[in-house]
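Okay, so subunit A shows up in both of these, paired with subunit B first and subunit C after.
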Partner chain A sequence: MSRLPRTTANDRKFYTQMTGYLGLILQGALVTIELTLMGSVLALIMAFLAGMGRVSRFFILRAIATVYIEFFRGTSIFVQLFWVYFVLPFAGLSLTPLQAGVLALGLNVGAYAAEVVRGAILSVGREQYEACTALNLGRWQGMRHVILPQALLVMLPTFGNNAIELLKATSVVSLISLADLTFQAQVVRSQTGSTLMPFVSVLVIYFALALIISWGVRTLERRMARGLDGVRV
Partner chain B sequence: MPTPIIKVDAISKSFGAFKVLDGLSMQVMPGEKLALIGPSGSGKTTILRILMTLEKIDGGHIQVDGEQLYHMERNGQLLAADERHLARMRQKIGMVFQLFNLFPHKCVMDNVTLAPMLTKGVARAAAEKRAMELLDMVGLADKAKAMPAQLSGGQKQRVAIARALALSPKIMLFDEVTSALDPELVEEVLNVMRKLAAETDMTMLLVTHEMGFAHDFADRVLFFDRGRIVEEGKPDEIFRHPKQERTQSFLKKIIAAGHRV
Partner chain C sequence: MDWDWNFVWEIMPTLIQGVKITILATILGSVLAAIVGLGIALARRSENRIVARGVGWFAEFIRGTPLLVQLYFIFYVLPDIGILLPPLVAGVIGLGLHYGTYTAEVYRAGIDNVPRGQWEAAKACNLSGRHTWTHIILPQAIPPMIPALANYFIAMFKETPLLSAITVLELMNQAKSVANTYYRYIEPMTLVGAFFLVISLCSVVLLRWLEHRYGRIER
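What follows is the complex of A and B.
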């Protein structure tokens, strides 16, 4: 009889501890989401700048875009992050871990996505460019109103892949002590000695986030494709 | 005598080792309806594309509406035209393509209004009013909100004609505009062109394999072969009494293939 109250107190303590730890992990998830969103925005900007630079008629723009893409695809995201966080301060540019993470992730994934933008622009048929010329649209007008809207539809599925890659790559920021999802899981693991709870939680959360991205991109794709095939309007 | 609206002078053009146009010269009078016929690879489509600035020329000169097309006169010297000059010259010319080249992501109305709004700064309301007139003219006023993918080939081509007309060009180029159409849809496009010829004084150049239509429609027929004009004349002369042997054998083949003359 006398053992029961003791056990209840222990249980209660265990539960408070566990919810506390789960709270830590969820805080980490917020950081991961934040990184993913801001990184994706930067990646998108870089992708369009560099992707359109690659198809520019100006040599210098093509050269800059090519160097950027090859450099950031050809070196690892770890090294890029370390450079941004640890080396840039020597050049007088100190960034917070979050800023460094967003910058490295955005530049890295942007380089991959730039090739997607380039490929999609080139996939739009020559006859569309010729229609633009025949209607006397300027290069930029044609790009903005005719080519890009059609190319965007080609880009979207691969952009979805890129965003999921970016989401998973956010875990590298734990190396510069940013308390993201992976970082918090390690913290919880070392504090509780439990491996299963934190690692199952982060697995589920990463997967759920990736699903949300997939679903969002698919919805966007469906909406944009509306009317193009003559069936759905 | 009025001056020609198009003066092509000794144009040459090669694709790699293949000489498409070999010192081609021709003149077109304002309001003239011209049919360009000939075997494929004879250069008839290429000269249309050159007039629309879709191909560069290797040599020669072209004058459109009294101005050099590919050259600019600066201090008495002829320089290669820059993009601004080309853009100004393109205002005089419109083109309709074999495969329509409509913008698939825009509805019929937006296809027609896009260029006037962007290149001439026409307000949306005015552009749409004009577009409705043109769509009405080609018999598609009820399709303004349709997407290109919902239209038949003949309807697409009529939209493409309305789209080109929306910029009010002085010269219209028609590049095999019925070649990609099912036979029963050809007539609706030809009817629009007949109407256009009857109601406007636009200069019209058409590359076609519809010999019957060329015969009825054109003021003058040019027969192309190997980058040169082999024979030209009134439709009756070319189709009924061709002088050159090349023309005779071409027409014989065309008739054997079932085309009506």
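What follows is the complex of A and C.
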């Protein structure tokens, strides 16, 4: 289309086409953002369940959490996604691509984040646990009011990294035909034959989203650290 | 949902073909990532501000964007400017470049961990810049990083299924083609998952041994 003679009409046609394709890519960006948000929520829930399961008193909870974490960290996100999307229907559980994507991403990143939760809980000093006992707080009360508020601050930077990993992993769902950024880039490539425009713009959008996540996490960290002056160095 | 062992044995040779390519891609990608990482780490310490800053931003950009899109970029955009790469080569370059930006951080931490006194001693012995690096700094910096590097290589291994998107016939692609031919997804997909699980559980053992042998990197 760029080989047409350069006239105002052709220029206008070129621009409308390009803005049309840009619109397609922006639609993809919305799907990616949606997927990242929903996946992060599921990952956060799984991370706390499994992370606290790993430091539980009960053997059975520890065992379940360990199996979950090792399984999802051991097989790749790609395989998990395909398994959820192609194999689960045979077990009678058919998921839409979006549901499959959120499920696989959330469970996968949740397993990585669970180790972060566990590490942060263990990083809180012994004296804090002893203080909980001295104040006659129950296990759950101590966890809720003393340990977690301090551990959360330790988790936050790594959670930010995990969220960026999740954002990057969302590109894989394009392979199960969910129309996210990567998928739309492929659509534009196959329709226009132009490769540079779709892929560069998609890379830039992913990078901008990653920057937003890391900026957001840093802001959150600063706000949460405010009340804890002197507690941590 | 029924599991058919006969079908499993039937497709096994095809899958093993894929395993070979998967392992080959991982090894080549690891070598490239180790080299690229060192290059990035050294360039970021360069005295030339523009080089240091530029490479830093480039690495940040690569780390902030998905490997899949980078693979597409290498596979689809580069031919337009006259660089036509076979799928496997494109895949290895993508893996090496992407993970090189991660290993660069490992190198950076390892190099920063070499005590100042070593630099000063090298200067006192009148060693040139190159000799300081090759004889004093890197030999001390690299052994403690080995576990962390291995960790990234294992992570890379788990990302190799992405190469199937650019038509490399590795394990995942073989499994997909088998699944599409016979329209049976359960066995191939589960076998791929099992294969990755087995390898990564084995690699945990290897990693423990490396940590024991080469010490910890964190401090």
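The definition used in the following text is that the second predicted complex is superposed on the first by the 222 of 233 C-alpha atoms of A that agree within 3 Å, B and C clash if a C-alpha of one lies under 4 Å from a C-alpha of the other, contacts with A are read in each partner's own complex, and residues count from 1 in each chain.
As a working rule, a contact is a pair of C-beta atoms (placed from the backbone, for glycine too) under 8 Å apart; a residue touches a chain by one contact, two chains touch by 3 or more.
Everything numeric here is computed off the predicted structure, so don't read it as measured data.
Once both complexes are superposed on subunit A, the partners subunit B and subunit C fit side by side without clashing. By the touch criterion stated above, A:I60 is placed in contact with neither subunit B nor subunit C. Using the contact criterion defined above for the overlaid structures, shared-chain residue A:A131 touches subunit B, although it does not reach subunit C.
When the two structures are aligned on the shared chain, A:G227 is found in touch with subunit B, with no touch to subunit C.
Judged by the number of subunit A residues each one touches, C leads among subunit B and subunit C. On the chain A superposition, the C-alpha centres give an angle at subunit A of 100° between subunit B and subunit C, rounded to a multiple of 10. Shared-chain residue A:V146: touches subunit B; no touch with subunit C.
Between subunit B and subunit C, the minimal CA-CA distance in the chain A superposition rounds to 25 Å. With the contact threshold set out at the top, not one residue of subunit A is in contact with subunit B in one structure and with subunit C in the other. On the side of subunit A, the complex with subunit B involves touching residues 127-128, 130-131, 133-138, 141, 145-146, 149-150, 153, 227-230, 233.
For subunit C in complex with subunit A, the residues that touch the partner chain are 1, 61, 64-70, 72-73, 76-77, 80, 158-162, 165, 172, 176, 179, 185-186, 189-190, 192-193, 196-197, 200-201.
Note for the complex: subunit A touches subunit C at residues 70-71, 73-80, 82-83, 86-87, 90-92, 164, 167-172, 174-175, 181-182, 185-186, 189, 195-196, 199-200, 202-203, 206-207, 210-211. Within the complex formed with subunit A, the residues of subunit B that make contact are 52-54, 87, 90-91, 94-95, 97, 99, 101-105, 107, 114-115, 118-119, 147-150, 163-164, 167.
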